[in-house]
Each structure stands twice: as C-alpha cells, then as structure tokens.
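Quick one: structure below, then a few questions.
Going in written order, the chains are labelled A, B, C and D, and every chain counts its residues from 1.
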C-alpha cells in the first residue's frame, strides 16, 4: 500500500516534470510533443497503477510532506476512494498523453506559446492528482486552486477571440467563488473538529444545523465546479474553448474531481446523512440531467454540445449520490450502497466516453478544422477509425447496451426502483419522479447523439474543407482506441469492475454489495438475484453471435451491393444542402420543451431581397441568476466611486466628519 | 546602539547626502543600488543580532521581533526597487518627462524616504516615530509631482494636504498620550518611550488614552489609506514615478499600519478591564472591513492601471487592519504574514506595471493591450503577480488569507461572509481589467522594451516559497512578533 | 511649582488661551489673505507667550527655547514667507468672503462646545485647569481643519493647516509642559520644511492651472463623465 | 439451468421470429374486413419477406457501411429484446439475462441504429423520419419504463419473469396503478410500433412518414430484415401487454401440456389484441405530427400517475 502512495507521488512528480520540460519548447517546439506530453501519459499510467493497487488492497496509506504551514505540514493519504478517482484520472490522462502528440503538431506553427500549454497542462494534471491525495484542508485548497488556475490559463489559451477571454474570466470567477465556499465549509468542519487535518474533521461531532451549513457550502462549492444547474452556465462556455485534449481532461476528469470532493466531504468528513440533504441533491441532480440534455440538443457547436452533456451526466451522478444519501439516512444501507456504486460507476463511465467524444471532436477539428455541426457531414467515409470510436462513444453515452453507459443507468434505476422500501410516501414519489426524469434524459440523450452522429459522420459533407478532411495520425487514433476499449469492457464485464469498486463503499460507508455476483460472474444482481439481474456478457455475446450468424446465413451480406441514386421523388438527385440540419433535427424537441429555453427566432429581409433566418437559443440561467448579480455589483461600484469626487475640500470634510463621529462614539 | 543598527538606519541618510552631490545619472543610479544593498546587508546583520538576543535597544532605538522583520523587508524592497528604478528612471529621463535636477531630487528623496521608513520602524520614541512618518510625506511629496503635469501637481497637493492634516491629528494624539503618560512617569524624557509606556500601560488613564487613540488612528490611518481617509492614495500612486508607487504601496502603508498596531498595544493595555476593553480592536475591524469592501468595489471602475493597483493596496491594508483588530494569535500571525507577502507581491506588480505602461506608452487600461504577445516576460509577470495578489495558491497571499479567514471563522464567523464577498468582488474587479491588457493580439506598432524583470522574479519567487512552505526561522520570527503583540504564542 | 505665582499665571494663561481661540475665529473669518496672515502671526505670538508663561511657572528651561522657536517660526518666519509669496503671486489684493458666514461661525462654535464636552471625562482634580486648555487647543485644531474645508484658496488652506499646528503647540505646551526637546525640534523642522514645500507648490499649482483655487484641481476622480 | 430449459428458451425466441409476421398479417386481414375488403391472406407477410430476401439489395451512392450493418443490428437487438419477454412459458433462463430495463435498452439500441441508417443516405426524408422517431421515442420510452416500473415496484423485481409469477400468485386485488400503467403502456405500444394514430405503416406519402421514412432507401434483404424487426417489435409489445397484465394461462412448468396450453392461450390473447388494434386503426385517423407529443404526454402522465398512485397508495397494501 505505501508502494501505491509512492507510485501516486511519482505520478505527480512526472506531471510536474512535464510542466518543467515543456518550458524548453520555447526553443525547440518538438520537446512538447516528444517529451512533455508522453510524460503526462506516463504520469497517468502511474496514477492508474497506484489507483488499482489502492482499490485491490483496500488499505490506507498516509505520508507527510515538509511543506505547508509550520503547524500543519501537507498530509497525504491514499485510500480506496481516492484510489478509484486516481484510476479515473489516470486512464483519461494516459489516453490524452498518447493522443496529444498528434494533435499538437498543428500547434507548433500557431502563434500561441507552447511552454504555456505544456506547462499548465502538467500543473493541471499535478493539481488534480494532488487533490486526490490531500488529507488536510490547506493542501486540498492549494491543490484545488492550482487545478482551477492552471486550467484557467488553458481555457484562455487561444486568447485572440474576445469570447474565449470572457469565457475564461467567467470560469475563473466561478471557480474562485466555489473554492471560497468550499474553504468556508472546511472552516465550519475545522472549527468543530479543532483542526484543518481531515482526521480531525472526521472526529468532529456537528449538530444538525452546522452540519447542514457545512453540507450546503460543500454542495454549492463542488456543485459549482461540477456544473450543476443553475450554476452550470460557465461550463459550456469554458470547456469548449480549450484545446480539445484539454477539454477532454476538463470535462472527463476535472468534473470528477469535484465529485470526489463532494463525496469526500459529505460522505467521509461530515459522515452523517439526512434525508433533507438527499432530497436537495436528488432534485438538483435530476434538474441538471434534464436541462443539460435539453440544452445540449439545442447546440450545433460540437464541443459546446458535449459540454452540456457533461452537465447532464454530472446530474445523473448526483442523482445516484442523492439517492445514496436518502437511503443511508433512512437506514437502508444496502440500497444506499447500490446507489453509491451506481454513481461511482457512472463517474468512470462518463470520464471514459466524454473523454473519447472530446478526443473525437478534437480529431475533427484537427483534420477538418470545424466545430460547427451544420458544416459537417459524411465524415465516416473520410475518417473511418475516428468514426468508429465516436460511434462507440455515442452509443455509450446514450446508455445503450451492451456498452458501459447502460450499466450505470441500469444500476441507478435499480436503486430507484427500491423506493418502495422507503417509509415516507413523499420520498418514495420523489425518487420515482427522479427515475422518470432519468428515463426521459436517457431517451433525449439518445436523440441528441443520433443527431450528432447522423449530422457529423453520416450523409454528405456540407462544406468544402469537411469534404476534404484527412484521417488523423495514428497516435490520435490510438488515444481514442484506448478510451473506446474500456467503454466496451465496462459494459460487458460489470461484475468484475463492481467487485473492484466494492472497496470504496466498504471503506467510506462501511458496507459493500453482498449479493452483486451471488449468481456467478455472468449475472449482475446488485440487490438480490430475485430482484433484478443483468447478464451483460450474455447479452453482448448473444448480440455478436446472432449478428455474425445473420451475416453468415445471409452470406451475401458480405458481397458488395449495387449502388444507385437515392430516392428523389422524381426530382433532381438530392444535394447536401437538402439534408436535415442539426437545428432542423432538434426542432421538434425545441417546440415541445419551448418554455425551458430562451429562444429568439427572427426572419429578417436582407439587402438583396432574400430573407435571413436567425435562431438564438440561450440559457435561462443567465437572465435568472448571473446578470442580476453582475448588475448589482456594477451599481454598487458606481455608487461607491462617488466617494472619490476629486475635490480636496470634500476629502478634508470626510476626515473631519470621521474624526468627529469617532470622538462622539468613544466619548 | 549596536553598529548594525546604526548602519542600517543611517546608511540611507548618508547615501542621500552623497547622492545630492552626484551629477552623472548612471553613477547616481549605481550608487543608489549600492547604498540600498548596504542597508539591506546591515539589516540582515541586525536581524541576526535580534535573533540572538530578543531585543536590540539603545539611544532611543528599540528593535524587537515585530519591527525587525519589517526593517529587513523595507531594506529588501528598497534594494530591489532601486535595482528596477535605475534603468526605468533613465528611460523616464530620456523621454524628457523630467530633468537632470529632477533625477537628482529623485535619488536623494528615494534614500531619504527609506531613511524615514527605517527610522520610524527602529525608533522607540513615539515622537520620533511621528517626526519620521511626517518626514516620509515630505520626502515623497515632491516626487509625486516630479513630472510637473497638472495631474501630478494636483495629486501631490492632495497628498500633502490630506496627509499633513492627518499627521497633525496624529501629533495631537501623541500630545494627549504624553499628557496621559506624565501622570505615571515622572521622567519627562521617557514619557514618549514606547517600551516604558507599554510596561506602565495599565496605569495610563483610559479616557485620555481612548481619546488619544482616535486621533492617532485617524492620523496614521490616513497614511495607511483607510477609507474614508484614503483619497490621496490612488492619486499619489498613479501620478508619481513608478518606483515611488512601488515603495509607497510596499513600505509606507506598512509602516503606518505598524505605528497603528504599536499604539493599539498601548491602548489595549490601558483599557484592559474597562467596559470598552476592545475599543481599539473594534475600531480597527470597522475601518479595515470598510476599506476592504469599498476598495474592492472601486476596482471595478478603474481606467488607470496604477490607480487600480493602488486601490488593491487599500483593499489589502484593510484586510490587515481588520485582522489586527480581530486580535488573537492566529489572526495576528496571518496579518504579519500578509504584510510581508503583500509588500513583496505589490511592489513586484508595480514594477511590472511600470514596464507595461512603458510598453504601451500610457497608463490608461484601455490602451494597454496584448502584453503577452508583445513581451511575454512582462505579460506573464503581470498575470502571475495579479493571480498571486488575488489570493490564488500556491502563492503566499493565499496562505495568509487562509489563516485570516480561519481566524475570523473561529472568533467572528459572520464576518467571514463579508470577507469572502469582498475577496470575490475584488478578484473580479482585478481580472476583468487585467485580461484585456495581457491577452489578445498586439496593437499597431507596439514594441517590446528593455525591461529588467529580475526583481519581479525574486519577489514572486519568495512569495511562491512562502506559499508552499513557511521556513522555520521565519515562522518563529513571526511567532515571536505575535507573542509580542497578543501576548500569546501560536506555535 | 511655587504656588504664589500660580493664580495670576493661571488667569493670564486663561486669557491668552481665550485670545488664541479668538484669533483662530478671526483667521476663519478673514476675507483678505494679507489680513489672514497677520491674524495667523498674532496667533503665533500668543502661543509663544503661553509657552513663556508655562516656562516661567514650571521653571522648565527648555520651554524658553521652544517659546523662542515658536515665536521665530510661527510669528515671524512663516508669516514673512507667506507674505512674500502672496506678493509675488500678486494675491495681496485677493479677498474671498465666506459664502455663509453665520453658518460657519455656528459650526465653529459647535466645535468649541464639542471639544469642551469631549475633554470632560478627563476628570482629575489637579487637571481641571489644564483640561480646559486642552479643550481650547482641540477647538483651535478643529477650527483649523474646518477652515481648510471651507476655504477654496490654497494659501488660506495652508493658513488653516498652520493654525492647526498652533493648536497642537498650545496643547503640547499648556497641557504637558512641552514635549521632549528632540521631538520639539523635529516637529519644528517638519513644520518649517512643510512651509517651504507649500511655497514651492504654490508656484507649481499656479504654473499648472494659473490660479490657486483648489476647487479647480479636480482632474483626478473616479467619476466617469456623464454620471 | 438444465439444457432443456435453454432449448426451450431458444425455441421460444425462434417462435417469436416465426409468429411476428403472422400477427402483422392478422391485423391487416381484420382491418381489411372492417373496411369491407377481402384483404390479403393472413400469411401474406411471410411471402413478402421471402420475396424481399430473393430480391437484389441496392444502396444509394452516398450510403456508408453503417447503412449496410444497420438492418442486422436492428433485427438482432429487437429479437434479443423479444427473447427476454415470456411468451409461452415462465422460468426460462433467458429471463435472468435481461430484465425489463435491458429490454427497453435493446429496443433503444435498435431504434438508434434505425435512425442513424435513416440519416445515412443524406436525403431530407431520412433525416425527417429520424428526427420524428427520436422525438416520439424520447417521450414514449420514459412512459414505458414508468409503466413497467409500476409493475416492478409491486412485484419488487424488474425481471419480467418474476413479475408474471407474482401476478399469477397475486391476490388479484384491483390496483389503480395497474389500470394507469396498462393504459399508458397501450399508448406507448401504439406509438412505438408506429401504428395509427401516431404513424401509418401503410402510407405512401413521404411527408407523413416516420418509420417508413427511415427505411425509405432500403431494398431487398435489408428491407426484409427491417420489416421483420418491426413486426417482431409489434409482437413483443403484444406479448408484454398480454402476458404481464393478464398472465393467466402461461405455462408454469416445462411439461408438454402446460406448454401447449400456454401457446394456445397466448395466441388467443394476441389475436384479440390484434383485432382490437385493427378496430382502433379502422376508426381512428392519423394525427398531425405535432399532435403526437400531446398523445405521448398523455401516456407519460398515465404511467407517472400509475407509479405515484402505487408509491403513495399501495405500498404495504
């Protein structure tokens, strides 16, 4: 176990090393591709190894660094929970490390500075890994802010467009607010536990009121980072503007770090559960899931769309966590564990397929230099491998068997379906409604990714540069493959992975899943074999067998078929312009759920007599939450600046007045 | 009076006299650096002495753990600033913004200013403290108007009048203090010695002491830049030459605050046991919080880069004042640390800002653009510096703010909300203006300049170090200072 | 202290203190600069006399010195300098009547009462007499500050500032029998330098906005135009 | 898990494939009769499929590999889903492989590829069909899950098999939740299988199509598989309604008698359902596409009411 800890430290060291190394890319740009990014990959590998060891051994290792405050040196701690998240970070960053060299070739001739990119990537990774190991609030905050700050620089990397700068500012602002909320939450814990070390906090016995305050602060802070509705608005602005492999890290991993923080604080440090908290988390999660997917459907910028899907999936994760809180608070340990496991499972799943999808988007950006779905089309024939991996990503994120996304949603449903065991009808019905929303979300997600894949990869190219897109270099393909494979594995062999995951609830909650594999490794039976079972390997196996059988029986399936024109109702053969666009595809949904969006739809006549149709679907969160606060600050500032009127006599008057007032006070 | 102390305090004076005679500009610059370096060396030696024996006293001077680290800090920032100011002032002189005479004035006054700072820190006599602080105003006021632009002169006048009035009130407070002292101390000469007063504090008459403290607070508080007596500060900072702004923000404010804290210790001693025991503390907290919040809001509507950062100085001074008012070992430790890191960071920022303004040829925020592309060193310097001052780890400012926040949470939990709001508002105000300046494409015909970023590197490096780990000796140093101020050890 | 002098000395001091107060009223009221400077000079003289008396009463030799210092500085040197400046700035004809004299006087009186009420808590039998002097000097200081607030003329502001210093001297001398000599020297030196610098600034200001009206120095403000 | 059981499961799965066209043909026949036509014989669908297999498959120039793979995926996924729904007998090993959520997932997988295939060629119709199909399913799928969850919560299991057994053992008390769930599921079934009033399987007007628009480009064996998959889906939903809500008669053991009884009863039930569907299709007219969401919201509402009335009224009852 100490070996695992030192392995994790090695990972951090490698990340920092890559940060240092990439400074040299100022002189020889190749360094970034050939040394720095592979180092991040290695660091990811080390993290993965450390995490796996921690998960399998299930022990706890601690250490101290001679840094930090004189009376509070940096405490490191590696347990199953952090081990699991180390695996998440490790896998994705390993894939990114393999992917990036190909992707970055294009950057070497760009105007943006390579050292900044490499350096902050390394720091970003190091920060995230350090958050996992932090065992006292001070180190946690340092690592957390290191993560936020370096990712801010990465978001602001292409800083020529003003939009990107705005996004970066908003991102950093929200991150800072969140961090302060978290700090405050730790403060509450610390003032009861008598110390900022996590061990002290664990011992703290908080009254319900203060515990709720701590919970609320942690939920707000981490939720802000994770992008929960209504604090999500920064996320779809910030994540897409970073370089794609960074977007993969941010959406795939950084959000998970927020999830980790929430679990660590609420489940581990506060260590008490109340159904009110569960309800809060459950409702917020459901709303995030639904609104996230709905807003995603409205996007036609691929990376923005994926970012909104992060909001959705984080929502699903928090649905799981909320149910876990609910069940644990009402004394249903097993069900709580099921929900908890479901959340964890979805966490790693989302990391995998969202990373995969962002890498795919990066590949498109790399070879076709296009982010707008409306200009894509027919990419499957241009870049078959990317097409295949992207398809896998789409199927997984749409929660379709036999891929991984389905397993976690299935588990979440299983937890929700045990609501009948709850005593209070209110809670039961809320859980049921949450399940309904989850189902709706899943179906809408499938619709959304039919749109994405159909518009981007199928049909015909809608613009010239997309028509001439070239396949991406092999390293980028390898990176995507590395994420696509586990998507399948986690879908086909859930029992194996749940066996690994079990260590986490065993350590955090004190009990694991007892009957998960009571019917053998082929059947996943989270609650009990009678309740529900899912033979993922069998489903996958039968699917493949039947497919192969079908193709073989109709052996002619392999034989090439005659080509002809598409059906054109007897008019001219269809042109790319006739294809359904992404906006058109989403139009029915926009009409059905119209009141959830802020839609401005205009048809204005152009100079040349033609008419121009513009559609703007924007997030309601802006008008409801963000702009009012901004206006408030602006007004306050305007009023305050009257103090600096410019006349020295007025200033003297202020001094005199202050003097008299003070004298009057003390006398 | 040990040699180290003598050298430390009086080297700048001698340097000023020497520099008055030097005509050649480059020589003057070198000599300036040299003198500051000697001062710094002596300060280090003095620090070692103090480390050896708790207190170095004599001839009306008294150096203990509290002021020694400020002495070293002052000498250090003075040195780095002089290093920066040499090429910078040559550029200023080259652009014809000032004359050879102006340059000589600059060098003399720079050293005189450092001298008054060191004197104010090292002396044990409250009267001398007053004289020194007033002297600091007199030394800098001509520098503020160095460029002779209408704005510069206006700024200087306001600076002069406001600080003059403030300091006059402080003198009245000092008189009252002396008045109170006379009834407990028969030797009139010792009546203003801080150490004596501190011993006899409990006997000092509370009514007079609180009266005196109000005057002293208003007086020195004007220098600290406490709202609503702060109005001179942004003007003086923005119109004076940049090295001046650096030392003003980095040192003068600290010294004024130091004076306030020393006096607070006396008042606390005398008021202890009376119903209004925490009067001084509450006053400081009130002023500190007010300055903190108001300055944060001011940041949002800045058009001049140096003004912006001077408001940020007010904000941080407010934070420290609040912390000192809060009392308690943790808060005091944090405040002392914050004093340290803020001076380092802020002077580094002002140095960078000087280069930035030099690149753009103006101080107007709207016309400073694309620094990263024009001159990465300056751009990153500014970016990192502001990130540090905004309280991002792993920089030291975060550490001190972390301590202050946790201290507040322990004693006055509800103030934390105000503090956090203030932090966020200030942060947003800084970055919304910072981003357009550093990012984006390069404007037409903007050229990199010959910039000396070494001091910035050193300062930020130190701040980073302090953020990662507080070295043991410094920790014990600050702890001893803490125990001096609060009577309680933290470690 | 030898008691037989004390009553007369006390009465004398009372009178002088009152006259100092009165002089600062005069200063506050004066419309013409030259006259104001004269009033200021007289105030200096009075403060010096108070110092002498305290010195005689307390037989503190160094007070004689500081009395002389005050006389030279406050009563002769600075007024003389200001005179020269005013003449060279062609301001000797300048006059600036107060806008609302009645209000200003009211305010000043209020300040006097306020400062008396303020020092009331300093109750110690042997102090009543000095306490009143402290009240007077505080009033002088506050009125000086008030004068700086209401006067838009740079020289007048400086006069206000200097009369504040007078108030301080008065307090120092009468209440505490003078500060330690070194401090006295330092203070005097600072005041002198300040006076000189003020002179320099008059010319700089005059050069930049060719007037000494401080209200016309309002470039540096946070007000955005149109608000 | 005896080998016989597996064999039985396999044969049941094959039975699905065999019966699917028959049900379609039966519905068409009844419909024709109701419209006073003689109509094609009941086994006409078998002929069609056979003929299509014989025909040469053609593809648009713009079609990609996915277009060719889709029919196989769609058919397989649908078939696998069907195999998990008890038809003639309970207690089959296949039941443990996939519970109702997996069934829904497999159907979603089939739909996913169907829609992608529709978009692949890059004609307006395909995209239109896919967009409408996804909207319909987006609203129908949660409704279906809700309806089934109601049963699952009552039976404390999501395995359809266990649900059926619970039903058979059940006291037969009248549950409001069941009525809601049943109504909801019926609406969903109509929408999902593309029947009137949501979609018209026999339309020839492209602009009114949903399902047909997606498979517009298919021909030969591909079309055959698509059609067959659609019929399988229809049968699946029929079996779901028939066996889960009125399970009486389904075989409890693997004895020949029980199986025969089960087969006859299920065929009878399906025939009745088919007739009912035909009647409704004969009397109802197809809706405008944008009335469909209202229809499905009704389904969703019913299903949700069922769930709520269960968790609020019936738990513990």
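Criterion: a residue touches a chain if its C-beta (ideal position, glycine included) is under 8 Å from a C-beta of that chain, and two chains touch if they have at least 3 such contacts.
Predicted model, so just to flag it, every value in this text is computed and none were measured.
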Which chain is the middle one, judged by CA centres?
A
Give the label of the chain whose average Cα location is farthest from that of subunit A.
C
Across all chain pairs, which one has the most C-beta contacts?
A-D
Could you please state the distance in Å, as a whole number, between where the Cα atoms of subunit B are centred and where those of subunit D are centred?
78
Averaged-CA centre spacing for the pair subunit C and subunit A, given as whole angstrom
70
Mean-CA-position distance for subunit D and subunit A (Å)
35
Distance from the CA centroid of subunit A to that of subunit B, rounded to the nearest Å?
44
Subunit C: positions in contact with at least two other chains:
118, 121, 145, 148, 214, 217-220, 222, 224
Two or more other chains are touched by the subunit A residues 638, 641, 643-644, 648, 652, 655, 659, 663, 667
Pairs of chains in contact here are A-B, A-C, A-D, B-C
So in the complex, which bits of subunit C are touching subunit B?
118-119, 121-124, 130, 134, 137-138, 141, 145, 148, 154, 157, 161, 164-165, 167-168, 171-172, 175-177, 179-180, 182-183, 186-187, 189-190, 193-194, 197-198, 200-201, 204-205, 207-209, 214, 217-220, 222, 224
Which of the residues in subunit B come into contact with subunit C in the complex?
60, 125, 127-128, 130-131, 134-135, 138, 141-142, 145, 148-151, 153-158, 160-161, 164-165, 168-169, 171-172, 174-176, 178-179, 182-183, 188-189, 191-192, 205, 207-208, 211, 234-235, 238-239, 298, 301-302
Quick check on the complex: what are the subunit B residues that touch subunit A?
157-158, 161-162, 165-166, 169, 210-211, 213-215, 217-218, 222, 227-229, 231-232, 234, 276, 279, 283, 294, 297-298, 300-301, 372-373, 376, 387, 390, 392-394, 398-399, 402-403, 405-406, 409-410, 413, 416, 420, 423-425, 427-429, 431-432, 435-436, 439-441, 467-470, 472, 475, 490-491
Touching residues (chain side subunit A, partner subunit B) in the complex:
66-71, 111, 113, 138, 141-142, 145-146, 149, 156, 159-160, 162, 165, 168-169, 172-173, 176-177, 180-181, 183-184, 187-188, 190-191, 196, 633-634, 636-638, 640-641, 643-644, 648, 651-652, 654-655, 658-659, 662-663, 666-667
Per the touch rule above, subunit A residues touching subunit C in the complex are 638, 641-649, 652-653, 655-656, 659-660, 663-664, 667
